[in-house]
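Listed below are the structures to be examined.
Across the two complexes that follow, chain A remains constant while its partner is chain B and subsequently chain C.
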Partner chain A sequence: MSALISSRTRGLIALAGAALIGALASGRPELALIAMPLLVFAGAGLVLAREPHLAVEIELDRTRLLEGEHAVATVRLRNDGGGAVLVEVALLRTRNLALEPVGAAGILLRAGVRSELTFAVRPQRWGAHAVGPVVVCARDLLGVTTWEGRLGGRVDLRAFPREQRLRELVAPLRTQPFLGTHVARVRGEGIEFADVRPFHAGDRVRHINWRATARRGVPQVNERHPEHSSDVVLLLDTFEEARDSAGGTLDDAVRAAAALARACLARRDRVALVDFGGTLHWLEPAFGTTQLYRIIDALLASDIAFSYAWRNVETIPLRVLPPGALVLAISPLLDGRSLAMVADLRRRGFDLTVIEVSPLDHVSPGESDDDAAAYRLWRLQREAIRARLQSLGIGVAVWGRDGDLGPALEGVNIFRRSARPAVHA
Partner chain B sequence: MLVDASGASQLAWLGAAVALVSLAVGMALGSPAAVHVAVAALGGIFLLRHDTRLLLAPVYGAGLLLMEDLAIQTIDLRGVGVVTLEALGARTASALAIAAIGACASAAAALAVAAAPRRSVGVTALGALAAVAAVAVIAWLARRRYGASE
Partner chain C sequence: MRLLAEIALVVLAAIGVAGCASLLLGTPPTRRRRARAPAPPRPDQLVALERLTTSARTSAVHVHAYLRPVLVEITSGRLAAHGHNLDRMPELTGRALLGDRLWDIVRPGRPFPEDRRGPGVTPQELRAMLEVLERL
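On to the complex of A and B.
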């Protein structure tokens, strides 16, 4: 810690010096007498001040929490120095972390004594945050000398997005040959009845449909649809976002992606993640809880990275986009590059659904007539984009900040039942 | 400087106003320098009366010191959200104790001045020497403290 003579002490010494000179010059001893307590104060402060040897530890009661929850940060201080000091402790933290109480805390720390301060730490949005170190400003009891420094380590705090519970998901058009929960379009071993066909050598006797056999006179067997899993690719558009004081479309998009990843993995799908924006990050498809943690960790790191670079599907590694995968593009539909990529994916035959994280909640129409007209035009333009995507056979679920994602996805399922299926050879 | 009674009164009011404004500005902006300007203005007011008793000066000086300390405490605690009563009490008690000691020392000096023979070159030189020595000791202490911890 670095020691400083406080500006107050310098001022006191200067005042006293000026008063003494004034007393000598004017022959008025009162000035010197007035200055004497100031001199005694400064002198006593300098003589009595003992450098503190402070040690600080920072501890969080938990390092992982959900948005809206709070953790308790405990700052432990120990003074191994020779004298008591008044300590002001300000806990540093990353952006979007609110502290309670606000501001620094001031305590008296005697020599050889330990003390604890607690702060409530509340993340204002999901993400990887950090608490610490602390900025310590220690003063001797007279406030003559000041010691300042940064002490303690940095403790990571991860705030996971609060997810919606999804009961309905987009049904994939194609499935993969792994056991899952989707009724496959192909025929095989399963529960769902598909058709009846004549018996062939090798068919199991237990599959014979005796009623159909009796009616047709030749042995008939039941065919069934197997239960398979599917590949789901979550495509997170991080080119651009609309943001206001309450949050942005990226915040909502990450919440949607986390909820979809959890729901898809729960129904035994393989899930991949592509963070598609100014920078490109991806996670290859995989099953299970480990993949969920990987995805959420990757989502916490997602951010808007401004870039002029034009990106298309070819920049995404092929192994991240397996053939027949259901692509769920989560986008505010604000950037032409993401629109072009969605259209490109559709042309390549991917089963595609767009979850539009509506930016309308973050944009005000404005007060003037011109602003209002521009806002209406922008909304019309967005509707035209949505219609163009739907004309390509892409289902678009519009999801607002306060809405439920489930009903929006149900709307997409209804659209997909009537739309041209995205089957590609 | 000779001023008549009404002029001295006006100057005193002016000094008090300057001190008040400086104090308010200092506390609002967190500037110890402005607080010290207020202390200087109040110290100047004391000199306006020539018939003031010499023994009043130590009390006045201690009072100025306490006022300055309270103002500086207010400035120091501007960014502090929570402060314990123990911390406030310890600092105020220390300031009171040192102000009392300073007032006693100043009173002893006042008694010495009152008992001293009439002003002469020798006495003035002795006073100057004492003043320079006092400031030099403080400056040496400050330098030692500042240098030792670097």
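On to the complex of A and C.
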């Protein structure tokens, strides 16, 4: 910690100096007499000051929470030697992390005494945050000398996005031959009834439909649809976002991606993640809870990276886009590269749905007449973009800030029943 | 008389010094900085359209080269939802559906304006065209 003469001591010394100069200039010793107590006070304070040996530990009651919840940060202070000091502690933290109480907290700390201060830490946005170190400003009891420094370590706090519960998801057109919850279009071992056909050698006797056999006179067996899983690729567009003081489209997109990943993994699908923007990140498809935590950890690191680089489907590794996968593109549809990417994926035969995180909630029209007209034109242009994507057979779910994702996905399912199926992948 | 004046001067000086000292020994004033958060950037799509609506007032070239493609894209999409095709639309139907001014801009095969410095689109005309498009 660095020692400094406090600003008030410097002021007192300056005042005493002015009085002494005044005494010399005017030839009146009374002014020097007035200056003496100030000088004695400052001198005694400087001589008697002893540097404290402060140690600080920062501890959080929990390091993982949902956005909007709060954690309690305990700052433990220990004065291992020196004199008693008045300590002011300010906890440093990253952006989007609110503290209560706001600003510095003060405490009197005598030598050999331990004390602690508590702060409520509330992440205002999902992400990886850092709490600490603390800026400590200690003053001796006379307030003549101050010691300042940064003490304590940095504690990581991860705020997970608050997710919506999804009852219904987009049904994939194709399934993979792994056990899952989707009724496959092919026939095989399963529960869902498909058809009745004549008995062939090798068929199990338990599959014989005795009523049909009795009617037709020859043995008939039931055919069924097996329950399969599917591959789902979550494509997160991080090229551009619309943002206001309350949040941005990327915040909503990450919440949607986390909710979709959880719901898809719960129905035993393999889920992959592609963070498609200025920088490209991906997670290969996998099953299970471990994959959910991998995806959420990857989502917490997602951010808008400004870039002029052109990116297309060929920049994504093939193993991340398995054939027959259902691609859920979560995008505000603000960047031409993401629009081209979506259209390209569709032309390559992928089963594709766009979840449009509406930027309209985050942008207000300008004040001038021209800007207001431009805003109306923008809304119409976005509808035209949506119509163009739908003409390619891509279902588009529009999701606003305060809306529910479930009904938006239901609208896509209705669209997909009448849309052209993907040709091949 | 002079002694009284000297005493008064010293007393006043002492009061002044005591006042300054008490101010200094009191709670140091905290510096308050009014943090002004930078305005979030507006989406490029919207900024481009804001420039477009301003420039479309200036000349017929801007209308043809920049505003027309946007209006054609929007009009085609909205007409397609009703089963119409802008490229094959008869003039009478187009004028009836879109109005004279909008049809004049988005009609297929519109030639490049001969008078490059001809008038652009007034704000009133643009608002009227937007109302037509929103009604479609």
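Quick note on the criterion: the second predicted complex is superposed on the first by the 420 of 425 C-alpha atoms of A that agree within 3 Å, B and C clash if a C-alpha of one lies under 4 Å from a C-alpha of the other, contacts with A are read in each partner's own complex, and residues count from 1 in each chain.
Everything that follows uses one rule, which is that contacts are C-beta pairs under 8 Å (C-beta built on N, C-alpha and C of every residue); 3 or more make two chains touch, one makes a residue touch a chain.
Since the structure is predicted, the reported quantities are computational estimates derived from the model, not experimental observations.
Of the two partner chains, both chain B and chain C are touched by A:S7.
In the superposition on chain A, the chain among chain B and chain C reaching more residues of chain A is B. Applying the stated contact rule after C-alpha superposition, one finds that A:G143 touches each of chain B and chain C. In the superposed pair of complexes, A:P161 makes contact with neither chain B nor chain C. In the superposition on chain A, contact of A:G132 is made with neither chain B nor chain C.
Applying the stated contact rule after C-alpha superposition, one finds that A:E30 touches each of chain B and chain C. Once the two complexes are overlaid on the shared chain, A:G180 sits clear of chain B and of chain C alike. Of the two partner chains placed around the shared chain by superposition, chain B and chain C are both touched by A:A19. Legend: residue contacts after superposition of the two complexes on their common chain; A:R388 is shown touching chain C, with no touch to chain B. Of the two partner chains placed by the overlay, chain B and chain C both lie in contact with A:L38.
Shared interface residues of chain A (contacting chain B in one complex, chain C in the other): 7-8, 11-12, 15, 19, 28, 30-31, 34-35, 38, 143. Only residues 2-9, 11-21, 23-24, 26-47, 49, 51, 84, 86, 88, 90, 101-108, 139, 141-143, 145, 147 of chain A touch chain B when the two sit together in their complex. Residue ranges on chain A touching chain C, taken from their complex, read 7-8, 11-12, 15, 19, 22, 28, 30-31, 34-35, 38, 143, 240, 242-245, 248, 332, 334-335, 359, 362-363, 366, 369-371, 373-378, 380-384, 387-388, 391.
Chain B makes touch with chain A in their complex at residues 32-33, 35-36, 39-40, 43, 46-47, 52, 54, 57-58, 60-62, 64-65, 68-69, 72-73, 76-77, 79-84, 86-87, 90-91, 94-95, 98-99, 101-103, 105-106, 109-110, 113, 119, 124, 127-128, 131, 134-135, 137-139, 141-142, 145-146, 148-150.
Against chain A, the residues of chain C that register as touching in their complex are 6, 9-10, 13-14, 17, 20-21, 24-25, 28, 37, 40-46, 49-50, 52-54, 57, 70, 73-74, 76-78, 80-81, 123, 126-127, 130, 133-134.
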